[in-house]
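Two complexes, one shared chain (chain A), two partners (chain B, chain C).
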Partner chain A sequence: MLSSLLAAQDELGYLPYEAVDEVSLCTGSSVNEVWAVASFYPNFRFTPPARHSVEICWGPTCHVLGAQPILQGLVSHLGLEGEGDTEDGSISLKYNTCLGVCPHAPAMSFDHELAGRMSLDEAVSRVERIRAADSAGEQQA
Partner chain B sequence: MTEAYEALAKRAAARWDELHARPWVRVGTGLMGEAVGALEVLSALREAIERAGVEATISEVGTTGLCYAEPIVDVHVPDGPRVRYGNVRPEQVETIVQRHVVGGEPVTDLALASVDSNVPGVPRFEQLPMMQGQIRVALRNAGEIDPTDIDQYVARGGFSGLDKALSSLTTEQTLDEIKNSGLRGRGGAAFPTGVKWGFLAGNPAPQKYILCNCEEGDPGAFNDKTILESDPFTLIEGCIIAGYATGASNGIVFIRHGHDSPIDRTRAAIQACYDNGVLGESVLGKEFSFDMEVSLVGESYVAGEETALMEAVEGKRSMPRFRPPFPAAYGVWGKPSNINNIKTLSYAPEIVRRGAEWFAGIGTEKSTGTAIACLSGDIRYPGLVEAPFGLTVRDVIEGMGGGEPTGKALKFLQTGGPLGGVLPAEQFDMVLDFDEMVAAGAMFGSGGLIVCNEERSVVDLTRTLVAFDQMESCGKCFPCRLGMSHILEILERIAAGKGRSSDMELMERVGVNMRGGSLCGHGQLGYNPVASAVRFFGGEFETQLEEGAGALASFVGPKSTRRGAQMSGDTPTASVKPDFVMHIEAVGTSPPS
Partner chain C sequence: MADEITITIDGQEVTTTPGTMVVQAANDAGIYIPYLCYHPGMKPYGACRMCVVEIEGQRGTPASCTLPVRDGMVVNTKGGDAVQVRNTTLDLLLSEHPHGCLTCHRIDLCGPQDICLRHVDVVDRCVTCPKNERCELKDTTRFHTQELVSPLTYQYRNLQVETKDPFYDRDYNLCIVCARCTRACDELRGDVAIGMTERAGQVLVGTVMGDSLLESGCEFCGACIDVCPVGALTETAYKWERPARVEQSVCAECPVGCTMTYEVNHWERVVRAVPELNAPSNMGQACFKGKFGFEYVNDKRRIRKPLVRRDGELQEASWDEAIAAAAEGLAQHRGPAFALMANPRNTNEELYAAQKFARAAMGSNAVDVASNDRPGIVEGLQDTFGYFAGTMTTWELADSAAVMVVSANLTEEQNVVGVPIKRAVRAGTQQLIVIDSREVELTRYASLWLRPYPGTDSVLLGGMLRCIVDNGLADMEFVNERAEGWDELVACLEPFTLDAVAAETGVNAASIEQAARIYAEAASAALLFGGDSSIGGTRRTLSRMVAALAVATGNVGRHGAGVMPLYQGANAQGAFDMGAWAASLPGHNLLDDASAREAFGKLWGVPIPDERNPGNRSIFTRARDGSIKAMVMLGDHVHYEDGTLGDVMGGLDALEFLVATSAFPSAITERAHVVFPAEVWAEKTGTYTNIERRVQPLRKVAKNKRVDSRSDLDVLCALAAAMGAQGFSWDGPAQVLDEIARVVPEYAGISWERLMRERLDIVTTPSDEPQPTQVMYTGNVLTGLKWPCASEDGELFVDRFRHGKARLQPVAWHPRPEVDPQFPLMLAHGRVLLELGRKPNVTVVGKRNRVEREERFVLNPVDAAAAKLGEGDPASVTTADGAERRGVVALLDAVPAGVVSLTTLFGELAVEVDASDRPDPMNHIARLNAAPARITPV
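So, the complex of A and B:
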């Protein structure tokens, strides 16, 4: 069940109700049982994600080397109140407990590509580059 | 020697010679490289070599452990010196290709170290401060081989331990080798591995499982992922040896969903083993069959606990089970199982190949072999080191790690993961040894060492650790579920300068209840980070509790917990793609029939 849900999340970027129903049919479990697993793991989200993902690590090494100023600065730069999606639908910001590259702390990931040795300035400029490319793409479409 | 292995070794040796007969460039990609631009370096390198029109092999390898020097490019030329270049930027690649790959002369001013050769003005790799004193057993191939190329592994002696076990040792003798080596579990609990395998070997059931735990949710630890990225064959060989010694039929490598490179590389390595007769029916042509697969789990720290891990493998919420029955009797899908840490299994091939005595000769009497430590934080050379037990913490931090990079004094280490504790600088002369460290109130745990200088606040770090533990509590046992939230609330109050005089005692009381009332280590050890911080730096808590104490810098963490809070207000709208059903049928671990 868990691997089916992970595959659905990978494919769609989130779990719609239909996916939960499908997994329940395929695994012979009740919808309740599937929700129980899906709501337990932070891998899953239940609304469509924004067009780009940005993750920021708040694990202890990143914390010691200054993750909080980056995290708080980025949250306010994006006009958010915490984890979540920007109003224009361009960025989903997620906190991560450990991105696994502690030697290069503070660490972030932009569209699932890791970036280490970050600063607030660098984080903001990368986010703005993503947004610029995103709005250019939107206009073309 | 089995015939199958002889053929494999012969082919591998020929391949190895071929690789060395022309320029061979290895780039450390994987997580550590990727985070600092190794992929850009790799594509610049491919273009530069194409432009130069030279016939060269380019391999993606794992990290050497010297993460401070990433991205690392390793250049070998026939009849010339082999040199590793550190902190390579894409614009430097052209120079390295023109002068070293084409011209055969190393670019000494960009070189990090020479390997198996002497270059004037360039230190040898093993003379680098971070490498001095290291003994590489589990990491022996890190950065040396393409982690998906079975020939390169075999050429460096790979699978000869397995071959030795299958051709000249009985299952009992193999188990005895592990017992006599003194190998202890590297996941944190340090239980003797041979004894643990013996429990499983004694169970006559026809289907038994070896589970390899790479959940690695510990923030600050990255050694398991790195082993899988650099040399998954070592783990596979260790797992097959464990299967042979215990009579198990299946191995499952269990990796946290999210990082692609350890998952992809392990899957590719397993496939290569099937293609070459090392896995599947009759391993190396002998009457012993063993199957392996990769299974993914969701993000959950508690899933590292062995019974919770089995729940996750079965696709459920990763919540611990009651014990007994123990996993060796009733494990995953009710079959007898043995759960081992990746590092533990990675030692088995060399133990069998070189003998138990060789391994027992490294380290201390009760803690044999090496410790794989992950250095991060306020340290000059962050990365991965493999140090023999018996060295002191100072040898590792100040010797291999190079000490504090900015000249400030070191204050403490955070060890043992988010349920571990702190070790003040005055105790850095402590010897690396499982038992001595526990006796002194420290914990080696899975090897994450977070180094902190004098400017770091213990109260602040403890708050982060507890915030992590609170978020990761699976919620099954209420003393842990509520207790962690309660302790975090108190710590936030203290950090904000609004603590109450009774707060320290209250936290301790909550902690004692958690220890007694929780099923697994998460709740039992949940108070540990606070207890350890108070023990060594109680004064900082007191100062923070004094009237008029200011607030520490604010801390923002995730608001969601495992109690479904993140679901509220969500209203899915988009429709499902039509090919969706096919996808979910094509993947997944199904229970054996």
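So, the complex of A and C:
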């Protein structure tokens, strides 16, 4: 069941009701059983994600080397209250318990590309670059 | 017993069996260990940690609900460590559960409407909780004399109370996440309509994406409410009512005969129904009808006084006047011009009196019960086994290796029979074959679902039987020893070749053979059938086929094997036993048998008339053509209005004299000349016989004080006395039962005193200790008696049939009925809990949820092409009765040609019943019969 849910989320970026229903059909379980599993894991999301993902590591090493100020700064810069999607739908901000690059702490990932030794200014400027590219892309489309 | 072991609990030696959990062993011995998540009958879960104990020689404090007993184990339930763990656990539970009143010394003085001087929020108070004084958490806290800190420090979840679904209110602010409800839905019912959501601190009970219960697959059986320890799950009706007393009786909604405990409040109102945990008929389960369908007992609209028609108008009268008027009217119509229609909610005693009244007092054989619209499904069983009855019990179905259900919507009509089947299928110990042209709830659980053309069930079973014979799958040892007529039966099977059967039924030959193999090769196989899609005379053939299949494979008289006819009506079996129907006199003696008529004539001192009993449908035909002029109608029934019995009201209009007993004004009472206010089932004493042939005592639960009602038994006896008839001077139902036990051989040995003695003695912990409601109410379960119960040579069906050997009957090939060219298709209308792959819309209308869903007509591509329809096209289906439905077309090869398949969601029915303003909506749920129809593009 878990692998089916992961496959569906990889494909769609999130789990709509139809995906839960489909997984319940394949596994012969009730939709509510599938939901019990899916809702347990914070990695599953049930609404469409924003167009770009920004992850910030709050593992112990990054925390010690200053992840918190970046995290809080970025949250307020994006007008969020925590993890979540920006109002314009361009960026999904997620906290990550470890990105696996502790030697480069504090670490972040921008659209799944890792970046190390981050500062708040650097993070904000990268986010703004993504946003600018995103709105240019939007206009072209 | 060799495998008994002894353990010591708090210094007391307790004998128990291996595999028992310590908490249950203690409870069975009357020693209380607190628990909140454990519930007898469900698997241990170990969530609440309240049942921790200390074990000598073992470290720590294990939870006793997950700890199996070990020989010589020494348990200490009151050790200091265990008590400390429990207190901490309670603290934690209360840190998220509103408990304002628990810290207050005034609590016993407060009522829900009192103004709280401590300024505690309404949601914080125990006295405003629907489960106040019925709350296991509160009881447990008090039991532990927990010291609570004041002021309050707990977190309120601030969740919306879910009140928009029918029957249930769900307030998850009060939930302690014991998971009893989700486990009941999963383990006990096999539905999984609710589950645990989220994790850690946020974990709660819920449905997929917070959906309404209408679309999550809920069957509204109430099992989750019955096990909820706190106020999170409650019945919407009488939510805040507390019982003044409780009474055990039997449910009157269907022939399963669930034993229920009814809670009655100070105003003599029935406020709640709790299924009895250990009753052999239902094992703690119920259904939406039994759990929520009793409100009519308390209804204000009940007829309060006898009514007599004077100058064309019904006017109130005294009982004496009404009896005199009725007796005078009936006296003018003695003989075959009189008919009596009884009701499946009548007790055995009333049914016996009713048929005796018709035959002995009125001289007419025309007597029947309203629910008996398909007598054929028991006639074939009588032909073969000797009795108009099934051979099985409900709960042995859990142990059947294979179950075959033929044309029956049993999860709706005999709900609890479906519970052991669903459990066994989900446990993987049972193969389920469903033979039904409709999609019903059980098809989702079936390993094989055959969809024959409506009305060809008997042909399909014949094909299976021939397949069993041809492939040498028959149990010839059993057949030779226990049955006669085998060669004649086999000769009749000549036309039932696989190819011919496949062509006639529209089911492919390979599937028929597969079904035959599953049924014949299973270690034990049960056959349940309702004959829903069959017509008229083919049902007798169907039931003969059923009996023949069971005999041919040796599947009768063994545990988990047998046949069960799924008739409607709580006491339909009683009507067969009492002879209150077309085919027989009391005791399964055929009415056609002159010697039986003579014997009863002698018994009753009046000759029994020779005329045949026309049966219920023809009674109304005869009323319309004037050959029946006077009738007594006992009670109301859905079949009087849904067309099953033809034009009933037309028949009543043509009568010269009609006497009705009824609880409510109805189309029948409008036409009556004398109306008696009838007692309903909860006000009566007597017996019901259920689908297992179990005679169960019905006890007076409450009495609606507004009405001056009497039981149908009293009315019939008073009428007989007024008309000078002999043999009706019984002093109460117990004496009628004594007479029944004398004249009905199957009931020999049954008496009211004995029924009151037949109990399961279940030890429970003292009632001042906190317990789940169902555990609190169990302890003195009246089990009833399965007939025959007098000592005889050999057990019925196990060692012998009524006439020694089973008499296999010849069977005929019934071709498809001719099709009306106007309506070339058959509409197979099924009902399911949820439709996989399609989600309905649920909208809120007023304060209630409603299902909005586009109808989907599933057709064979051949029929769709003929009607010039393609996948997704809008279409209209019109049935012969003129009803029209609109929807879209879906194509499916599995639907046989000539059938249009349609499902409604169970949620739609639940909403309809919940919103109905009828006093007794459960009595008016029509069956889902196949109907001729046509489909046209829109």
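Operating definition for what follows: the second predicted complex is superposed on the first by the 141 of 141 C-alpha atoms of A that agree within 3 Å, B and C clash if a C-alpha of one lies under 4 Å from a C-alpha of the other, contacts with A are read in each partner's own complex, and residues count from 1 in each chain.
Convention: contacts are C-beta pairs under 8 Å (C-beta built on N, C-alpha and C of every residue); 3 or more make two chains touch, one makes a residue touch a chain.
The structure presented is a predicted model; accordingly, all values stated were derived computationally and were not measured.
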item	value
Chain B versus chain C as contact partner of A:S30, first or second or both or neither	second
First (chain B), second (chain C), both or neither touched by A:F46	both
Which of chain B and chain C A:H63 touches, first, second, both or neither	first
Which of chain B and chain C A:Y17 touches, first, second, both or neither	both
Between chain B and chain C, more extensive residue contact with chain A	B
Residues of chain A at both interfaces, chain B in one complex, chain C in the other	17, 22, 36, 39-41, 46
Touch list for chain A against partner chain C, complex	17, 20-22, 24-25, 29-36, 39-41, 46
Residues of chain C that touch chain A when the two form their complex	186, 191-199, 206-209, 216-217, 834, 836-837, 839
Parts of chain B lying in touch with chain A, wherever the complex brings them together	31-32, 34-36, 39, 67-68, 70, 216-222, 225, 257-259, 295-301, 312, 315-318, 374-378, 382-383, 414, 418, 448, 450, 452, 456, 460-461, 464-465, 468, 471-472, 474, 553-560, 562, 564, 566-567, 570-577, 580-581, 583-585, 587-589
Complex interface listing, chain A residues touching chain B	1-8, 11-12, 14-19, 22-23, 26-27, 36-37, 39-48, 57-61, 63-65, 68, 71-72, 75, 82-83, 95, 97-105, 107, 113-117
